[in-house]
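Structure incoming, see below.
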Amino acid sequence: MTHAPFVADTMASATLQDLGHLAPMAIVGLWGLLLMATDAFAAVGFRHFQRRIALFGLALAFVAGLTIYGNADYDGGVEVFRGFLVVDPFSAILDLVLVGLCAGTVLVAGDYARTHRFEYGEQESLLCIATFGAMMVGHAHDLLALFLGIETMSISVYVLVGARWNAKPSAEAALKYFLMGAFASAILLMGIALLYGATGATAFEGIRGGVAEAFTRWLRINDLARALDQGHTASPAASDLVIQGVAKAALLIPGVLLVLGALLFKVSAVPMHMWTPDAYEGAPTPVTAFMASVVKVAGVAALLRLFVATFSTHRLVTAPYGWTTAVALVAFLTMTVGNLAAVRQSNVKRLLAYSSIAHVGYLLLGVVAAANFYGEAFASDATLGGDGLSWSRDAGDTAVASVLLYIVVYAVASLGAFVTVAWLSGNKHEALEAYQWSGLARRHPGMALGMTVCLLSLMGLPPMAGFFGKLFLFRAVFENSNPWLQFLVVWALLNAVVGAYYYLRLVVAMYFHTPPKTAPVVLPGKGAPAVVAVTAGLSVALGVLMQPTLDRADLAARAFNYPPGPSKARRVDGLRAAWEARDPTPPVAAEEPSPGT
Amino acid sequence: MVPITHFLYLAILLFLIGVGGVLLRRNALFVLMSIELMLNAANVALVAFSRLHGNHDGQVFAFFVIAVAAAEAAVGLAIIVAIFRSRDDVDIDDLGLLRD
Amino acid sequence: MTGAELSFYLFGGLAVFSALAMVTRKNAVVAAMWLIATFLSVAACYVLAQATFLSAIQVIVYAGAVMVLFVFVIMVVDVDATGRLTHRRPSRVGRLAYYGGFLLSAGFLAWVLVGTLARQYVTFGAELEPGSDFGTARGLGREIFTDYVFPFEAVSLLLVAAVIGAVVVARSRKEREHAARHLADPAARHAAGLGTAAEGEIAPPGPSPATDFGEPSATGHRGI
Amino acid sequence: MAASYLPALVFLAFAAVMATVLLLLTMVLGPKRRTPIKDEPFECGSDPIGSPRVKFGVKFYQVAILFLVFDIEVAFLYPWASLFRELSCTGPLGPGGVCTGAPTLFGLAEMLVFLGILVLALGYVLRKRALDWA
């Protein structure tokens, strides 16, 4: 072990500088602590300000995120804390989105808890810490960052789910979610251990190098092994090479599969989705909204960062050792099962839970497509010695951009839909059965409209953002020459039609059925209407301004599986200029709900 | 010297025993203990690979895992206590309120 | 066989044995004791992989604190109740999933074993210079406090979340009332789930007693 | 390397042998005359009522969780303490642990932040009366 002489002095300044790069995340984490302190120590009258303090901090983080979002210095990606985390346009977009989603949850969670009589002052603090974890996943550039981020987020969410002490389903949902989640974490950890064994590193860069090396060795090994089998007297060196190479791959492939399984569990893909409807239903509805938006975004970010950007060497995405075939199969199952189960649900919360599963299926298709393209790019780089500027890499970047776009659009609409459900539950019994939504448009036209817009966006109707999200995603997947993937796109379209049925059923109930005699009790306060208005507005606005939005996502995804550095910055350079010339106002900037409403 | 491979076998055996405990036991406390066992198994693998590669990354990872596992156990046990307050038994099959 | 090898197989075998004993016990306290035995054996194996500091931490945190927590909770939630095994068999699908999952994992084990054992893959790890601080508190600290500054600070947030969780989720009715004792405003007390009915006011619509846990509150009120 | 742990191993073996031998000796040597009266649990002359296992209060759990958190804090303190000299020096340490560079507060600051966060959590717990035994 050789260690550079201690540079504690430069470390102090470097640490502060790195914290500056991570300002949004640092602010959110700090606010988690601050809110805990104000809850415990502030004067009695001060406690009513919890929500405002939280929103102020989130607004601060959002502004900090905007400065990073608009700063071209980060285009090539900046590694902070010695490569532990990375700040790049991708993470900048995720920061903004996650902070916005957290603010949306904070706006509703307090009202909901008060009305349902389990108000507690720690809620905002936990939401901030969970968002901090999710942001850490978005920035992750090391397996430890990924693991710690997922755990920080999950532990806070377990608590949020179980905090509703006056309703049994809450604690039960928490236990179920916790046991399943902890099991998945343990599997994730074993996978990480095997990956570390195979590559000798936990940083993504090191792992990528190790993966490439393991398989280049493997290639030579096949020849050597054949020579050995044919009875040639092998040199000790050759046999050593065989052993080393085989062992590396024997650790790598199970490691990749274990990590994949755990992450698919976290995003609730189908064989591992059993916990989702129960946990979503049992959790307090604003927390459900948080799980369906923030936690999902973090899970997809983890898949993109680790699988699309790191495990996309040619060998790892193609048969017989590729993970993409398995994920394509999972995507097929996920959208089918999610949609079919959603059709059967009369409970709105469960319906939305299953529909969120179906959306994960579509997203996974995009993940597979992106990884396939990058795998091809990797192969052509290796054989042609190219500089990575192949068509495949462009296509892969576009696929990543459309996945990013889709998850953002989905998360926004999903937040709006779940918040509407939370809003329509001013009484002990939440209006969870579809018939209770009958005629809502007559009593509350504004909220019904907001819910309708969100549902239509989830469904993918043309003027809404969801349509373009699906369009770009499916187009990116269809670019693959693999006929199976093309078939899956057709299958996904059929699924979207099934999805339209259950979304529209709810819309029809709201608009065309006679309202029940007793008026529904709704949450007091302007929080929920504000969130629904903003999410519905965004669902329309992102659809109308889709081209600039996609261009911006493209900028974030450009050279996504490139290591950060000057060559990546060069690659991104022209794009930023083109993008800024095209549209001076960043469209996603409308995300922030105004604090203090 | 003990071959690293044998550490790996130990880790995988402990891991599988933990998986078996999670899948086959119905008592939430046993499930939680089995999960702790699985985390420990992964730690054995991390430590062994850390020795294999001669760098500290694996050990540091295992160190953080111990902290995370403790936090996870604390929250999990809190949830079990909360459930116990509402009912007398901690059997995950009895969680029937959330069935279809 | 050298002493190191002998002790590895001894402690490794002990770890596997006590892990098996842990998952098969009926009584949760006994199982916890076996789990402690597993953790201690694993700590011994850490020493043999030259993770001396981690071995100490394993004893202190795992075998010490975590297991104390487990035993306390087992005591809290009534040994007799937790000692009972399943009284309802899982559904057929559930059982299939369990056994399928278990077989899959066993297949995974076989895969790794065959992939490595078949080629007689035996490796001893990198050469360490004698007297290096590999695995000691200093060696590990040098990484944690320089390269891993960020996770070091971030893990404190995780611990904070766990502390909040333990307080929020496991707190009793009495503690909840205490937390809300400053709330003179009946509406605020009501929002925190505390009774106003006992004070002779009409409760706004809220959860019925059936959804409450039914513990009587300090004011004798039962959930509305 | 592992040889330096030999004393610990010997100690362990000694403890195990000692415990086994003592138990065996009492089993073998002790007189065994059982009467129904002797088999009864002893409770000050009155018949025992119910299970001897009393349910613990949840308070024990709450104290244990705090113990756990601060145990982890201590786990981080060990390596920090053993490395403190190096962490507060901008250059490598000379012979005898003398700092060859300038002193710096970086090492102190990072631990203070960590401790500060956990002390804040402790304050939170105290304020929430989770430790009150009343």
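Which chain is which? They are A, B, C and D, in the order written, and residues in each are numbered from 1.
Operating definition for what follows: a residue touches a chain if its C-beta (ideal position, glycine included) is under 8 Å from a C-beta of that chain, and two chains touch if they have at least 3 such contacts.
Owing to the predicted nature of the structure, the values given are computational and were not obtained by experimental measurement.
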C-D or B-C - the one linked by more C-beta pairs in contact: B-C
Reference chain B; chain at largest CA-centroid distance: A
Euclidean distance of C-alpha centroids - chain B vs chain C, Å: 7
Geometric centre distance via CA averages, chain D-chain C, whole Å: 16
Separation of chain A from chain D, taking each centre as the mean of its C-alpha atoms, in whole Å: 39
Cα-centroid distance, chain A relative to chain C, in whole angstrom: 26
Residue list for chain A, restricted to those that touch at least two other chains: 1, 6, 8, 11, 15, 33, 36, 144, 148, 151, 155, 158-159, 162, 165, 168, 171, 174
For chain D, residues that touch 2 or more chains besides their own: 58, 61, 65, 68-69, 71-72, 75-76, 86-87, 107, 110, 117, 120-121, 124, 128
Residues of chain B touching at least two other chains: 8, 18, 32, 43, 48, 50, 52-54, 56-57, 60, 63-64, 66-68, 70-75, 77-82, 85-86
Chain contact graph, described as a line, ring, star, complete graph or other shape: complete
Of all residues in chain D, those that touch chain A in their complex: 86-93, 101-102, 104-107, 109-110, 117, 120-121, 123-124, 127-128
Interface residues, chain D side, partner chain B - complex: 58, 61, 65, 68-69, 71-72, 75-76
Chain C-touching residues of chain B, taken from the complex the two chains share: 1-10, 12-14, 16-21, 23-27, 29-30, 32-34, 36-37, 40, 43-44, 47-48, 50-54, 56-57, 59-60, 62-64, 66-75, 77-82, 84-86, 88-91, 93-94
Footprint of chain A on chain C - complex, ascending: 108, 111-112, 115-116, 119-121, 123, 132-134, 139, 142, 146-151, 154-155, 157-158, 160-162, 164-165, 167-169, 171, 176, 179, 182-183, 188, 190-193, 205-208, 211-213, 223
Partner chain D, residues of chain B touching it in the complex: 63, 66-67, 70-71, 73-74, 77-78, 81, 85
